[in-house]
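Below, each structure is written out as structure tokens.
Next come two complexes, and both contain chain A; in the first it sits with chain B, in the second with chain C.
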Partner chain A sequence: MPRARHLILNLVTWSLVLLIAFPLFWMIITSVKPQSELFRIPPTWLPETVTFEHYWRLLSETPFLRYFRNSVVLATTTTLFVVSLGTLGAYSLVRFNYRGRETLAMLVLFTYLLPSVVLIIPLYMMMVAIGLSNTLMSLILAHTTFALPYALWLLRSFMEGVPKDLESAALVDGATRMGAFRDVILPQLLPGIISTALFTFILSWNEYLYALVLVNSDAVAPLTTGVMSMLISAFNIEWSLLMAASVMMSLPLIVVFAFLQSYLTSGFGAGGVKG
Partner chain B sequence: MTAIATDPPMLERRYARLGVVLIAPTILVFSLVIVYPLLAAIYLSLFSIYTPTLQGEFVGLDNYAKLLTQKAFWSSLGTTLIWTVGTLSLQILAGVGLALLLHQNIWFRSLARSLVLFPYFLSTVVAVLVWRWLFNDLYGALNHGLMQLGVIDMPLDWLGSMPNAMIGVILVGAWKYFPFVVIAVLARLQTIPEHLYEAARIDGAGPVSRFFDVTLPQLRSVLTVIILLRAIWDFKEFDLLYLLTGGGPVTSTQTLSLLVYQEAFGLNRMGQAAAYSVGMMLVMLVFMILYIRRTGRES
Partner chain C sequence: MANVTLSKVRKSFGAFTALEELNMEIAAGEFIALLGPSGCGKSTTLRILAGLEFPTSGEISIDDRRVNDLPPGKRDIAMVFQSYALYPHMTVAENIAYPLKKHGVKRPEREAAVRQAAELLQLEPLLDRKPKQLSGGQQQRVALGRALVRDPKVFLLDEPLSNLDAKLRSYMRAELIELHRRLGKTMVYVTHDQLEAMTMATRIAVMHGGRLQQFDTPEMVYNCPANRFVASFIGTPSMNQLEGRVEGGAFILGPDRIAIDRTMFRDDLADGPAVLGIRPEYIQIGRGPLQATVRLAENTGHETILTLELSEGSRITARVEAGSRHKVGQVLSLGLQNDAVHLFEPGENGARLNKEQTGAAVIPMRAQ
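So, the complex of A and B:
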């Protein structure tokens, strides 16, 4: 390729990439600007002074850490629950023959597309009836509604990628089905399980609607509704504080992106977008 | 062990039983948190229920009669379609465009890909907070950036007036969800055999005609799946619209998901809300069946 064309291609692509990433940079820049600099017109594109006071205030003066803990508990429990169920379920859906198996797979796909607002009214009434409203448990159950179909669907296509011969060979050697599952399939499936777990965790971490409807006590609020309530309750919206909260809330995601990104991209191929 | 192994039908039956045992917990949870609520939603749509007390009475098909005769459902459906078509077209255009660029051999390609990918995994709450700060009419970076570039003379009211509010949510939706298209298209681009391009080049095809004659036909099937899937997801989107505009100004950006929420928890009419949600699901069913049939055929 001629040098000039290559240069133009690079410049065009990188300008677009930076434009797309601009809101993310702006989030970080705003979070380290002192309050006095924030309401400058026109805004300073790069901060003149850098301060971490908003992060300090967020952690010491707001319930942010409690929201964060709630979100960690919620997303971790949902992930563990859904991935264990899903792994067994996917093994059954892919490697066993019984009546109704295909129908079940279609039902999973159907629920994967279902809008949450259809389920939210009955789920709300159900949680009130069994006395679970305003608990993290209600959110874990509610998150299962979208996380389980998603995890099953993802794990199902990862399971299809595990060679059948490996399992047959183990069976010929005298292993039981569950023995072969543990010793042969699980190790092969591990990257798929990690990928599914990451997706499930992120889905649960980011979920807003169920938290909005099922939990109205500040003590059990996860980050999504908790941080939004900081926006609504404040008389003067403190954008620096909110941007610091946004950065902190994205921390798990940044960690995943830095170290485990290949698992995210492999999950995409499996997630029903194979053309 | 050997005695069982020599009796295939019996082994088959044992395996089938094990298969059912393995799927049983999933079926149980599914029935409890998805199938039962789904059927309950249809059942509840035949009642008139007051949300704070959850008490109500049977009203038959009244809620559906209201859905058909009153304006709320239909105008929300219209809004939903405008939002879906608007944001989906932008996602596809930006997604395919950027995938083509990122497929080239550019500097720091994996960093560029990460930066483009990031918004998709970002919490909608974070995305909305950042964009509401960007859209801020007094101190927002967007208005000042556009003014410094000379595109506008006066700061715009982005989310509080029409049609700006609709344009705003469509833009943010496109920004948040187009990376999905980028990843799916990039994956497909890598599998297009190089010799197809060689052949086209020998026939004297330029970059533009190579795109239309080679790339686009190869992308057709993946694009169909992406469009169906994203259409379904955009159609049911709640968080982004609710948090950006709350459906406003008045009801100009109130899509069906927001209408259901507002009816159930704002106006305390749960039965009517359930009827709206069933109606919404019926509209979506067309796309869902199309997608399921396509995916079923491939696997």
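So, the complex of A and C:
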């Protein structure tokens, strides 16, 4: 019976959606419940009184804003690094002929074969050696190392979609190589650049492990580690503050995602479809 | 107006040689077609002229100035690409203005030049559109507009008509001839379509395997092909080539003897293996020493192409009037028009053995 199949399919899909959406829902609900309502049994599904006191406390009494700023600087700088290096690298991998080009492209992916835990210790030693330990820069560099290979491959497939003739035409029309790159290639690459930037930003924004190991000063901690160490101790978890912080941490991503969703999905498809 | 010279230009990609010692002198104002099958080196030649590829050795000069070391933008050339290569994110007006912008032309002059080019190519209503919103023919005209807006010394065109449908192609062919007449600029046109080369060019450079086979007027290339390749490449259907032997005043083809006029051929023509070439229009049906069976009769409306099998087994094509009624299986006697016979050396690309102007056309080339 196609009708029954339809029903079962819908049921399965919706229960999956609920399964994934429920924690998000609970996070938002908890963040606006007053302290008194938090641990009531049976729990209230919708808060009886809505309060923003946790948000206010978070912003006024904790270093949340500093962590937020650190995260913004960290994710933005990483994205800038990765996109500019990735674009130029992809251009080289696609447009220039040199010995070992393909090997190089494969080698770049090699870092993915190793678990990040294996890379952390050498990275930490390196950062100490060059005097960058405990700085945002060390995290920016670390995030760049694991975001760049993927960005390079993503941008490479976008770059392959830009016809070579366009660049030749710009050169004949009087542009320099960099001029042709700026005037003709970059605009064509824009969807690729945007989706690469999004991937990188999200990756860097959510990253926890490197931040935990490479940075232990509270002054430069990003949101992920900062909020955790601030609100979770061995004896107590500040649930309401934690949930409010979680909502505010997710907000930038959700906003960006909503606006640039179509670019992101085109990025997912870029590897598979070639013109 | 500028002349273009290629001297001893070689180009190899790794072990592969794309061009072998190319020498070519193009006079100012000429319309040159580089003609050949794919992979013959014609596009490479054009890209070397444009500065998009560098020759392995040899010299290139434009307007008596060596340009080997100049980047494409400094050579004062314009190029139209097979794919048109219009900048997708720019409007038609911005596309046409781009070369001017890159050469530092001020905005008011740029706008005036764009308007002028648009007027010439009837693009005025399209100036604000993006390339994606245009038809193939319109994109083609924008590409031409972008090429001629800067008033370059030399135009390079890389198969510009090959993406158009047949009707539009013949229209654009006429437009390009007219444009060349009006501008009087040197044009180098790459094509694999012999019809385009024959109808548009003042001279045709026939290329094959990275070598220049013949560089001459369309009439000479058609009537006095330098070798077997040119003979077979130019003309539809192509020239019949029959392998046999020269013996005294005759060409021996299996059991048949075809009388030839030895005064038409080079004095050093010796008896021995040779290839006889004759165009389909010079085969006379109904009289002559040869016997042939009709294997195929293709009526194109204004003429009929017969595929005939000679008694010794080889096949030839003959061009006859459309009204003639030949049936498949019918046996005909046929002869070859004596003054239209070519002889070639045997071998894959044997040279022609005729004296310079012999074997030339009695009938001018027919329109297709």
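FYI, the second predicted complex is superposed on the first by the 238 of 275 C-alpha atoms of A that agree within 3 Å, B and C clash if a C-alpha of one lies under 4 Å from a C-alpha of the other, contacts with A are read in each partner's own complex, and residues count from 1 in each chain.
Methods note: a contact is a pair of C-beta atoms (placed from the backbone, for glycine too) under 8 Å apart; a residue touches a chain by one contact, two chains touch by 3 or more.
Just so we're clear, the structure is a prediction, and the values are computed from it rather than from any experiment.
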item	value
Partner chain in contact with A:175 - chain B first, chain C second, else both or neither	second
Partner chain(s) touched by A:214 [first = chain B, second = chain C, both, neither]	neither
Partner chain(s) touched by A:159 [first = chain B, second = chain C, both, neither]	neither
Residue contacts with chain A in the superposition, chain B compared against chain C	B
Touching partner for A:188 - first (chain B), second (chain C), both, neither	second
Which of chain B and chain C A:74 touches, first, second, both or neither	neither
Chain B and chain C footprints on chain A, overlapping residues	174
Residues of chain A touching chain C in the complex	163, 165-166, 168-176, 179, 183-184, 187-188
Chain B-facing residues of chain A, complex	9-10, 12-14, 16-18, 20-21, 23-24, 26-27, 30, 38-43, 85-86, 88-89, 91-93, 95-98, 101, 104, 106-107, 109-111, 113-123, 125-126, 128, 141-142, 144-145, 148-149, 152, 157, 160, 174, 177-178, 202, 205-206, 208-209, 213, 223-224, 227-228, 231, 239, 242-243, 245-246, 249-250, 253, 256-257, 261, 264-265, 268-269, 272-275
Touch list for chain C against partner chain A, complex	47, 50-52, 71-74, 77-79, 81-83, 85, 87-89, 98-99, 102-103, 146, 150, 156
In the complex with chain A, residue positions of chain B that touch it	1, 12, 15-16, 18-20, 22-23, 25-27, 29-30, 33-34, 36-38, 40-41, 44, 54, 98, 101-102, 104, 106-107, 112, 114-119, 121-127, 129-131, 133-134, 136, 138-139, 141, 144, 147-148, 175, 180, 183-184, 187-188, 219-226, 229, 232, 235-236, 238-239, 242-243, 256-257, 260-261, 264-265, 270, 273-274, 277-278, 280-281, 284, 288, 291-292, 295-296, 298-299
